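Scrolling down, you'll hit the structures one after another.
Both of the next two complexes hold chain A, though its partner changes from chain B to chain C.
Let's turn to the complex of A and B:
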């Protein structure tokens, strides 16, 4: 008997989707975005925009699945929720959470082999583009709907090892009120 | 093994890679060679005395055409996919055919991964994918010692 989507277990999460399917779907999505922008620079913005909407839903879903419908209110535990729980649910492994060096408003999530860009080689004339912008959009969506206003952007980090490896870093820049609130919570 | 070629289903060269540095062919020569092979393969299928494709059930799914050309000192081995792509390699005649065949199939596998799943690649156009290049090189390095 065929079960409808409503009858299915809500908590099941491991290995439901094949990697090829995921990669083809993402590839089509990038092509769709590419066809819908006038300049190639806008591609990242478009992917980001799509990602944000995914992020809103990811927060709801994962709070329900993993946290018994609670969500974090402290900055660091929220960030580790994003880089561990969310990353594992979305991309199959955890990301590395790093603190920005210049500003206390900045944090980074680094992923050495982002699943999204696993099969994508960016041509030379598009070299500034990182399809991880989609992941950055998701992060921004999650944090914003959890009441942590921020901006997230994806950057490619090249390491000159042999063979050269590329990793993707999502840079998160919080609005100043987030850090102020965090300090108030710490003192109380 | 000397060179790997990939033809698209219309017979034009989309990818080519030399594994030896002393192969001296210009870009035009390579394109000519690749399309000549496509033409020969199509003719070979036409004049073949056995026509398997009509007799067998699902015979239309069977590929026709050249799979191997043996020559003095070298051989050209071809793997044709159901979608009409041709992967063929020029190798010395001492190179084991079984290994070459599995190499071509593995190249097809990495093609489906790194070329077809790449949103910046247009189908039937020349392949310019860094990750694909690297994967083919890795494959070659893994069989290099066996030949």
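Let's turn to the complex of A and C:
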């Protein structure tokens, strides 16, 4: 009988490939998405869509392999799972988790050197675009499939350092039911 | 130069590269292929698109290869195939391949891949029998060689994803491209 992929063990070794190859592949993906949308604004939506599918799988993979089949159910532990464990597994370092200023529904993950956008220079007439939309898609995919309905989007932040640098922030806006549930759990 | 020498050169070249998780590559590639399958009606046009993306990558990637690998000019096509199998694949994809099945003219051979990071987590349903999942790699090889004036054809002939024992890429030399200079005054 043919052995299915599900019968195989997870490979424990953390395989690596060159960043160049990944960067080129990502650039081809951005190019493809750009050619397949009518307006450039939709580029982010398309990258987001590709990322969401990755997010679903990342949650499964990391819960089974790194967390001994446990999945976080509380809001903050889930967010730190995303910004620490997932970010490290995907991008090699942890992201900074921040709480939104204006709304209790909002959280942010900031990455000062997101490897996805390392080699991407955005032309001036595309300045509203951030290819981190792909990372935002991944975040949304992870949280959605962990039953934390939310929307995630990527934004470019001008850092007031010298010289000025840019970082990418993924803004996560949860559905109100998530925060209500969290309050219920806190009180019980 | 010997096979051992190239294996060593491949190791050294890979160790100097900036790295990224192979799983990120595998997941991204998988999601990209899914997107192509959604956007295009025919599986064959997905194969063509993957090859084309690979080609675009190859024509740029080769610059970094020539600059960083420390490999001099190849003596003949046999040498070229060994360099791809032992150095180039190692440097970028962290895998190596065996070069076998040469024809009598030494213009066609088979690269037997020992592993393929793109295949991680992948299972192809029976309805996708026509999909050449790893075709991107073939495009990269074709694009890279075209930049050093070699036209080749390159495609997957066996694939572990389709139940074969090994993954094999058929590589065939077509011609040396001549650079054409056009004098604008004429």
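Definition applied: the second predicted complex is superposed on the first by the 174 of 188 C-alpha atoms of A that agree within 3 Å, B and C clash if a C-alpha of one lies under 4 Å from a C-alpha of the other, contacts with A are read in each partner's own complex, and residues count from 1 in each chain.
We take it that a residue touches a chain if its C-beta (ideal position, glycine included) is under 8 Å from a C-beta of that chain, and two chains touch if they have at least 3 such contacts.
The structure presented is a predicted model; accordingly, all values stated were derived computationally and were not measured.
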For this session: Figure out whether A:92 sits in contact with chain B (first) or chain C (second), or with both, or with neither.
Result: second
Exercise. According to the contact criterion defined above, which of chain B and chain C contacts more residues of chain A?
Worked result: C
Exercise. Taking the superposition as given, does A:35 touch the first partner, chain B, the second, chain C, both, or neither?
Worked result: neither
Exercise. A:122 contacts which: chain B (first), chain C (second), both, neither?
Worked result: first
Exercise. Of the partners chain B and chain C, which touch A:160 in the superposed model: first, second, both, neither?
Worked result: neither
Exercise. With the two structures laid over each other on chain A, which partner does A:18 touch: chain B (first), chain C (second), both, or neither?
Worked result: second
For this session: Using the superposition described at the top, list the residues of chain A that contact chain B and also contact chain C.
Result: 20, 24, 26, 28-29, 31
Exercise. For the complex, which residues does chain B have touching chain A?
Worked result: 113-114, 116-120, 128-132, 134
Problem set entry | Complex contacts: residues of chain A adjacent to chain C | 2, 4-5, 11, 14-22, 24-26, 28-29, 31-32, 36, 46, 49-51, 53-54, 57-58, 61, 89-92, 115, 134
For this session: Please name which positions on chain C make contact with chain A in the complex.
Result: 14, 17-25, 27-32, 34-36, 39, 49, 53, 56-57, 60-61, 64, 91-94, 117, 120-123, 136, 163
For this session: Provide the residue numbers of chain A that touch chain B in the complex, in ascending order.
Result: 20, 23-24, 26-31, 34, 119-123, 126, 131, 163
